[in-house]
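All chains are identified by letter, namely A, B, C and D, in their written order; residue positions are counted from 1 within each chain.
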Amino acid sequence: MSASKWQGVFPAVTTKFKDNEDLDYAAMEKHFAFQVDSGVHGLVTCGSLGEASTLSFDEKLEVARIALKVADKRVPVLANVSETRTATACRYVEKAAEMGVQGFMVMPSVLYAADAREAKDNLRTIAKAAQLPIMVYNNPVSYKVDLLPQDFAELADCEWLVAIKESSDNIRRITDLRNLLGTRYQLFMGVDDLSFEALALGADGLLAGVVVAFPKETVALYNLIKEKRWDAALKLYQWMTPLLHLDVSSKLVQNLKLIEAMVGVGNENVRRPRQPLLGAERERVAMVIQKAIDTRPDLQALV
Amino acid sequence: MSASKWQGVFPAVTTKFKDNEDLDYAAMEKHFAFQVDSGVHGLVTCGSLGEASTLSFDEKLEVARIALKVADKRVPVLANVSETRTATACRYVEKAAEMGVQGFMVMPSVLYAADAREAKDNLRTIAKAAQLPIMVYNNPVSYKVDLLPQDFAELADCEWLVAIKESSDNIRRITDLRNLLGTRYQLFMGVDDLSFEALALGADGLLAGVVVAFPKETVALYNLIKEKRWDAALKLYQWMTPLLHLDVSSKLVQNLKLIEAMVGVGNENVRRPRQPLLGAERERVAMVIQKAIDTRPDLQALV
Amino acid sequence: MSASKWQGVFPAVTTKFKDNEDLDYAAMEKHFAFQVDSGVHGLVTCGSLGEASTLSFDEKLEVARIALKVADKRVPVLANVSETRTATACRYVEKAAEMGVQGFMVMPSVLYAADAREAKDNLRTIAKAAQLPIMVYNNPVSYKVDLLPQDFAELADCEWLVAIKESSDNIRRITDLRNLLGTRYQLFMGVDDLSFEALALGADGLLAGVVVAFPKETVALYNLIKEKRWDAALKLYQWMTPLLHLDVSSKLVQNLKLIEAMVGVGNENVRRPRQPLLGAERERVAMVIQKAIDTRPDLQALV
Amino acid sequence: MSASKWQGVFPAVTTKFKDNEDLDYAAMEKHFAFQVDSGVHGLVTCGSLGEASTLSFDEKLEVARIALKVADKRVPVLANVSETRTATACRYVEKAAEMGVQGFMVMPSVLYAADAREAKDNLRTIAKAAQLPIMVYNNPVSYKVDLLPQDFAELADCEWLVAIKESSDNIRRITDLRNLLGTRYQLFMGVDDLSFEALALGADGLLAGVVVAFPKETVALYNLIKEKRWDAALKLYQWMTPLLHLDVSSKLVQNLKLIEAMVGVGNENVRRPRQPLLGAERERVAMVIQKAIDTRPDLQALV
């Protein structure tokens, strides 16, 4: 569990709610255990998929606490940092570090479209407060801040910044980062339906979404590629792709909670303003999921 | 001060900070008084320009309390609602209503890119909790949720939704809203450098930014157009336009605080991750501001 | 008919085809006469709306020749230059100049997304060959080349460039051009549903589309604003707006030819790959048009 | 040379000009021979990279004639069809077919942003006139027409449409097309810096740009992947990537002609409005190219 060399499949776990929007601790314990028992290599709590924006400061710490208990040091637990003020983010990482998390996922800036100077300063400030390894979550599509390879070159002296979650939706970044920075950062693909491409290009891991319902398949995809069993990996990926597309949507939370519900490892409860899928939209998504379930490959035969 | 017929110039006031990022109550009292004494028709606290994303729940209430004290019922005070969870937003409007605000500005959804169904439901839920007049802040550019004229038609039965802050950056919306909905909603332009255009098209007011430093000029612009003194209005607007462009930028907070500093009604302190402008960027903006100051028109001659 | 001071309403006339896609000379004679007799201030042949991309070099000259014959020097005729190679454009303007056109509309670059240096050089080269007044057609939305106010400042020494058709879809440009360049260029709004806004801001004319079916109404709009009769102008513009939106669409040719057909001044024939509107799309557009026809204002009462 | 199973590396060859913009036949003969002798699997004349927009109807046929002569049936020659009117495109393919080309590359619509119905009808009409195999060039980024996998499903009955050049800049399309349509179409990646990714996903070939200067390297990349020698392929691709980025630019023609000039297989002459790179932009690009030349891998060692 070497912090500086995170690799493999890290689920951005969903946060479980009861019907009244309260946190459902039991459901989370069960689900996190399902993930770890299925072979994932880390857990990331309260990311975008974890509905961070509807959770209070204390609730986010609670979810991390559950993950830590379940993981029991078998895999690292990273708490996502989504505070919109730098000072609050620092307070958050200090609390979570005390609690024992192994590291953090940190967005360069949330809500405010910081420029590169501000974003890098924000990251350095949070890293200094955290004193733990950090995966920088670069997602210009959702968060409007884009750290380029040269920005990561400038940040290279900050020892706590050890990994990058690449969610620019631009697969070229994997090669550009490798060409400029070699193996300085561990590279995780944060866009589900670019997983095969990124691993083929030498990425170190997946910060994944659909894995919350299909952990064994996601881990198998990772292993097949690392073992250079390309044909089997591609076949598996082609099967997964319609599911993976559901992670690249403003409705990713609802889509993935519907997948969880349909495979029996979760429910569709979300916190408002989010609402569960409805009507024709729900039917269309459910049909994609059902088809994937009906044609689920036999992993034993594959692996 | 009829709530259902808000009109005129409503500044989205900046939030004042000390050097250590603490709220600067004295500076805010002074600045809000400057606005009201200069003739603005309302105050909106803790909007985007008010750095809402870096303020705590309680701080936002505090800022509203100061505005209420200063306004002293001379003009309505609207508290902006920027909570990312619906339940929290409801709690917020209840607290602010108890405190005596005259109404709210409400974003259809913050951080989560809600679809129209979710956004409308969110608005109705908050309106029900508020039991006070609401200006809906439609800003698809920054917040990715776009309520179309037909959405506002569907919301027309909700009596508390009385006004729209139009920030789609699409001037056509003013006419489309008028054509579809007549005068059901008071229309405020939320994009500074579309002010003249919107008022010419019959908008009822401005939810303005540069007004924080130039309230008399902004009120004069509004009055000249309402009095159909087009040539004088256009001349004033042409002078203001380089300043107004500074409001349409991801750096609008820093830009406008620099304007405030340069005209002597504020300072440049912001909360991180935001940072004050620096270097060439600051010089470029300062030059625009200085030129406007140097050529500031004589309002007495104009009005 | 002073070339250097074009102003008023210039229709970008549609090109008429027979059922077999051949040019319909008689229909064009009739339609151009209808325009001039209705009071328009100029004619522009073979623009985007004139389906330039499907016309041969010689056909475009033929259409200009018809326009010249009909206009008979009552209004200037501008031939649009849409050649994709500079050398061909020069040959085209030479031929059209010999034929007697009063000027040209010239796009900075067609099909190739030239940068500002290349686009300006292209314009200068064509202007030198033309030796006639030119309206520069700035349309970054369709043609990916955007000449900014500072680019027009650099071009100001080229005497033949006398006017700008502003189609950036950014109404701010009118004020920015005025602020930087005063009255160096005559400014025409090229986006139908920004007409009122542009004229209110002091633009000199409209390079218009819906005018092909509603010339009297478009001229009335122009006159009312120039006479500062704002209320009447706004009321007329609100009526026109749903029609004007039809000009801002990839289907503008088909939309406007349907308008022409429904008001009895043209047919729906287009050249492939374009095809007439069909099915639900056609019904939706037809309904907008029919509603406008049914509520057509009495211009006598207005003007 | 089976037409229905095109695969491998097809250069979109540049068109060579003399200093006075005339076609340089000798330079083209030499360059096309260099390509074929270096092992490419086909030639495509007068595509975007071939400056189609500045060539006359007859010139485009001339270039195809040279390619046919040089290829001498060793590899198929595809003439790109870039006519903006359907009827002209039909006339063009008839002429080129008489001349003996083995097939065509056809854009769904040029200049006019056709909708799917119009674009598909355009393709069918051209295919009927051509009576030869066609590669459909899907490039919504440059040409604003996007044929989706379901559109290609609808076109599947048209036997002449045998291949797709995928230039949507969305790597997901490869898998989506395979999932929906199996091997109905041969899939070529049209975006240079997505080559490795596409081949890894099972694409059949590359419709490539940088190949014009580096044919052996491009063919080696293709062969290494087809032989499943991933590590060597990735290493080669990482070296090529800075060059490949130069193909994804509005200046791709100038960039690639500079590469050709620097490796000694072409010159920088372009037709206006295009102009050769200049100043800082040229230096920046030249530095990227020089670095690639300086670190050029030993293919013998790799292959």
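A few notes on this one:
In the analysis below, a residue touches a chain if its C-beta (ideal position, glycine included) is under 8 Å from a C-beta of that chain, and two chains touch if they have at least 3 such contacts.
The structure displayed is predicted, hence computed values, not measured ones.
Listed by label, the chains touching chain A and chain D alike form an empty list.
The fewest steps needed to get from chain B to chain D, moving only between touching chains, is 2.
Chain pairs C-D and B-C differ in how many C-beta pairs they share in contact, with the greater number at C-D.
The distance from the centre of chain A to the centre of chain C, with each centre set as the mean of the Cα atoms, comes to 51 Å.
If you average the CA atoms of chain B and of chain C, the two centres end up 37 Å from each other. Chain contacts: chain D has no residue touching two or more partner chains. Taken as a graph of touching chains, this assembly is arranged as a ring, one closed cycle with exactly two partners per chain. Two chains count as a pair here when they touch; such pairs are A-B, A-D, B-C, C-D. Residues 171-172, 175-176, 178-179, 193-194, 196-197, 200-202, 228, 230, 234, 237-238, 241-242, 245 of chain C are the ones that touch chain B when the two sit in their complex. Within the complex formed with chain A, the residues of chain B that make contact are 21, 53-55, 84-87, 109-115, 117-119, 121-122, 125, 144, 250-251, 271-275, 278.
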